[in-house]
Amino acid sequence: MQDLTRTESDDQQLCLYGRPVASRLLLGTAQYPSPALLGDAVRRAQVSVVTVSLRREGARERSGERFWQMVADWGVHVLPNTAGCRSAKDAITTAQMAREIFDTRWVKLEVIANDDTLQPDVFGLVEAATELVRQGFEVFPYTTEDLGVGERLLAAGCEVLMPWGAPIGTGRGLANPHALKTMRGYFPDTPLIIDAGVGAPSHAALAMELGFDAVLLNTAIAKAGDPPAMAEAFAAAVAAGRTGYRAGLMETRDMATPSTPVAGTPFFDLSDGQ
Amino acid sequence: MRVIVNGNEEQTEARTLDGLLRELGYGTAKVATALNGQFVPAAERSRVQLDTGAKIEIVSPRQGG
Amino acid sequence: MQDLTRTESDDQQLCLYGRPVASRLLLGTAQYPSPALLGDAVRRAQVSVVTVSLRREGARERSGERFWQMVADWGVHVLPNTAGCRSAKDAITTAQMAREIFDTRWVKLEVIANDDTLQPDVFGLVEAATELVRQGFEVFPYTTEDLGVGERLLAAGCEVLMPWGAPIGTGRGLANPHALKTMRGYFPDTPLIIDAGVGAPSHAALAMELGFDAVLLNTAIAKAGDPPAMAEAFAAAVAAGRTGYRAGLMETRDMATPSTPVAGTPFFDLSDGQ
Amino acid sequence: MRVIVNGNEEQTEARTLDGLLRELGYGTAKVATALNGQFVPAAERSRVQLDTGAKIEIVSPRQGG
Amino acid sequence: MQDLTRTESDDQQLCLYGRPVASRLLLGTAQYPSPALLGDAVRRAQVSVVTVSLRREGARERSGERFWQMVADWGVHVLPNTAGCRSAKDAITTAQMAREIFDTRWVKLEVIANDDTLQPDVFGLVEAATELVRQGFEVFPYTTEDLGVGERLLAAGCEVLMPWGAPIGTGRGLANPHALKTMRGYFPDTPLIIDAGVGAPSHAALAMELGFDAVLLNTAIAKAGDPPAMAEAFAAAVAAGRTGYRAGLMETRDMATPSTPVAGTPFFDLSDGQ
Amino acid sequence: MQDLTRTESDDQQLCLYGRPVASRLLLGTAQYPSPALLGDAVRRAQVSVVTVSLRREGARERSGERFWQMVADWGVHVLPNTAGCRSAKDAITTAQMAREIFDTRWVKLEVIANDDTLQPDVFGLVEAATELVRQGFEVFPYTTEDLGVGERLLAAGCEVLMPWGAPIGTGRGLANPHALKTMRGYFPDTPLIIDAGVGAPSHAALAMELGFDAVLLNTAIAKAGDPPAMAEAFAAAVAAGRTGYRAGLMETRDMATPSTPVAGTPFFDLSDGQ
Amino acid sequence: MRVIVNGNEEQTEARTLDGLLRELGYGTAKVATALNGQFVPAAERSRVQLDTGAKIEIVSPRQGG
Amino acid sequence: MRVIVNGNEEQTEARTLDGLLRELGYGTAKVATALNGQFVPAAERSRVQLDTGAKIEIVSPRQGG
């Protein structure tokens, strides 16, 4: 099998805020059993974008620096998140700190509504997105499949939308595939990235078959029995779904149809008479 | 003067955010800072005055999803 | 992405009746827009096994020979089918003719119950399998997810079972994933190949994630907009699902769980007071 | 003598399956055969007698799913 | 709400082997917390047919007689089963004993293939059905959605088929609704009763909406928190699904359509200009 | 079958803004083939609440008055909607007009985001709800399963939430049952009514089994082949689901479990030896 | 004076909403009204002045979902 | 003579199924019977001879699903 990540010609390559992105699998960096396994996963999946976060650091800890050095060595795009923020204000300040420390205008904007579902607070999200775009950020909003919210995020200046598949960490796949398909059709020209809830390679393939541009995930790889192998599996699944989408999926049918042609079947007349 | 650093109370002699970081021993650590919920860029830490009860966040890169 | 078909060490490679099979995607050869596109599909997917059939041939037609020469050039295992047979007797005679002409003991045994679903006639299937095994055939029975039928096929001497995913040509994927998962658990040591009904790469990935050993399909590739690209997509999906299965899929959860750790979240105490 | 070849009636002078194939012009074509629903291996075609009304199948490789 | 069981005129009433059956909910009698609760369930659901079984009885036990007296008082049709039989032979003998003791030609024929799924052994089932019909029984075969098996059962003389919804006792509902819908269409004139796997009233309603003639269940009522109330719920659900089926269900649509007409909407032009 | 709508004792009866509501099926009044069939549907389903709308009226038309007289004769609660409104402002004015003309503080608040899905514009919805509550309205907001939006609607003073099942008029049932179940658990004390997308009685039963308090629908009845019969079917399904929910649904299981007890099965030992 | 009634242009002599309804022949019809997007209660229709280009909505009960 | 009744070994003096039921005390109990896997109707129990090792099933109505 040749290298599927190379089969897209340049004009079909995904661009996010003007930057070409070779792999359509975006990877979270949390929860791995060890930094070594995380690094292996990044390499095995050949990812182009990883998400990172900010956390409080004690004076002599220096763990942030070690992590950062590792990430820098990968040579990937870094997408800092605002995970854990419960208000637009916190998310905005976190984004500002992230911009300084990671030296990037990209931010994965999370404004969380509640702990049960970790779903986006769509009001805080639009408010924060509006302000961050004003400040020059390139915002990747973690949102729902709500079309009206998507429209407001685009109106605020977002050029990418990241709807959830299912609640973060559940691994349930696409909870509402019909709504996600509708979203894809409603925003034909906006890069749409499924973020959260993807638990198995088949979920990632389905997302791509529906026409989504990329998949961002973390738990399903970090918590796999063998994270680097699972990273490779997801990379293949994303490529498979994308290639399948572009190759034109067959229409499903209600009734069976022979794959082997009926014409010329031996014993055809004899059978009739039996 | 009492301030709150990353959620914990601390006593400090420092009058600026810059001074506080030095006093606590952050040295050249790769950190970003906020004061009372507002981002403070590295270049402005020496110009920012601390008051009693100030809430300071000092953060660095971490794994994230 | 490295070549996924090579990541299985020798002892994990699929063996069908003693023959090692490198690719877990088995490909049907019917319904392609042209022989050239069929050939491209076989090469792009790097398949190891293709299904073929027998049809009546006029005296000076020689189309069978041309087709056969093409297949021979691919250097793959050939799995002749008994497609269209409606009785054990017809299937047995067809298998005998196929053995002579394709010079193989392998036979994909189809005994069809009705035209609406093209589902196996499980009675005729067991009868024909019993006789063909007695005659030295290595039988690949196209069957359902019925465990009792599976047991009788194994008792008859079959060493592989090929349950359907959904009716032939419908492309609906796995119509009863719970029953198929049960079947996988019930026959832990028998190679199980999903045959029929697979319509999209995500379906193939799901089949492999459930632990099936391989996927056999035809229509979804032959009737794709771009068959060779779709063949590649399915090959990647099968590899993705297999790798994911072996890497240990995460458990799904009902409630959300943060991927980014909560400890050390900036503003955590401030937020509480808001 | 009338026989049925691949579902169609044919007139033939041949007395064996072998002879019928030659008469119809199959030559060295890669085919397999059945007579009245029973497989006839290539090696036995010359030993198999045809009777009036015999049903003969002559098949060759084709695309299949 | 009027009495739904009475809304079917005589010519639409379900007939099973010539006997009119007022209620389309058939009830199993096992596993109830107490005989009193079982009796309440039978009355609350106004069932017309209950299933019963035979079990070994010690000399002075007389529990069989007490149970039988209770059943006789209900004034319902009794449908003895051959539950637990693993071979045609056992099932036939059990059916013969049941005919004598319950004084009925009806028998719910179960020949079980394995303990994991308790699914029908379709070979033993057809064998036993053939013999029992020959002996004058009116056989209700517990079968799968397999159309070929269904055809053989009808050929054996069965006039009713009882396909499973899901494995006995799982309460998972209809595991393969598409196949069951196909079965309904394939046997348009045979009474088809969903037997096993139904866990919630909505499952029973769905079965009836697909056009099945009745639903037979046990565990979902016996193991409910309040069995008589649950019996009533299932009776209502079966009536609802049946009435809905006959009233002509709407076609589902992919796109939204206003229920309130658009014409005459106030502010329609003003809104356009906003 | 006794009258299921009467089985709830007074303290379990649904109350909406302080008014007891006997039937948990709320009915839309649009799209019926004739006023007579609408009236029959209302009576057959014994509904307690119907939705109505406002539309522009010509000077001598008087169709509004005739419709209104019919509704008044039914003796039900009237719930005016703001269907078709695309902004908070339009919805507020429409609600004010409805309050005057229907003489009720109740309003089903719809602020529509787009024509493809007719989904709520959650921003406009919260804005309008806030203002209408301030003006003394009792607001029934047509919303999504978004928990954060639900919280803001409750904070605005709404005492009922009406999440969609699927887009209006699609009849697809509950598109995201897991999210709706989460919503039920998240707002344990708020009346939650499934509004829109319900296409079959089984969908309504499922909604009630998940613990929703009521179901509001229109198209599935109005567009049925026999609307009054379908109204009756839905009334029965809602009662079935509610009764089932309160009676304690069985837990689903992965493996089969016999309903008829194994102990005392005849031939048990003999069978072992076979 | 030109006004817009339910989306259609109309010529009217009326100066109040009340007068307009009478002029158009609504009589005692059960309607509710809005002027330029603002609700006008029945009791205030006689006090509300119409200007050129005013947009008036006159609505009545209808079937709704 | 040893027989097996409902899976358990028993000693009996009875020579017929009828006699066995009486000996065991079934009296008029509502039961059905099988001998060595074959159904024995009530009317034939007195005509059926028991041999050593005979397997007898005696069953009565029970709850069933």
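Order of writing sets the chain letters: A, B, C, D, E, F, G and H. Residues in each chain are counted from 1.
Convention: contacts are C-beta pairs under 8 Å (C-beta built on N, C-alpha and C of every residue); 3 or more make two chains touch, one makes a residue touch a chain.
These numbers come from a predicted model, not from an experiment.
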{"item": "Required minimum of steps from subunit D to subunit F, each step between chains that touch", "value": "2"}
{"item": "E-G compared against E-H, more contacting pairs", "value": "E-H"}
{"item": "Inter-centroid spacing, subunit E versus subunit B (mean Cα positions, whole Å)", "value": "70"}
{"item": "Centre distance in Å when subunit F and subunit H are each reduced to the mean of their C-alpha atoms", "value": "61"}
{"item": "Centre-of-Cα separation between subunit H and subunit C, whole angstrom", "value": "53"}
{"item": "Multi-partner residues of subunit B (at least 2 other chains)", "value": "6-7, 34, 37, 57, 59, 62-65"}
{"item": "Per-residue overlap in subunit F, given as positions that touch at least 2 other chains", "value": "28, 30-31, 53-57, 81, 83, 90, 93, 97, 116-117, 119, 167-168, 172, 178, 218-219, 254, 258-261, 264, 266-268, 270"}
{"item": "Touching residues on subunit F, where the partner in the complex is subunit E", "value": "1-5, 7, 28, 30-31, 44-46, 53-57, 81, 83-87, 90, 93-94, 97, 115-119, 167-172, 196, 199-203, 205-206, 209, 218-220, 222-227, 229-230, 232-237, 239-244, 246-268, 270-271, 274"}
{"item": "Subunit F residues touching subunit H - in the complex, by the definition given at the top", "value": "258-261, 264, 266-270"}
{"item": "Touching residues (chain side subunit E, partner subunit C) in the complex", "value": "113-114, 116-117, 119-123, 126, 144, 146-149, 151-152, 166-167, 172, 175-176, 178-179, 182, 185-186"}
{"item": "In the complex, subunit D residues that touch subunit A", "value": "4, 6-7, 34, 37, 55, 57, 59, 62-65"}
{"item": "Residues of subunit D defined as touching subunit C within the complex", "value": "6-7, 24-26, 29-34, 37-39, 41-42, 57-65"}
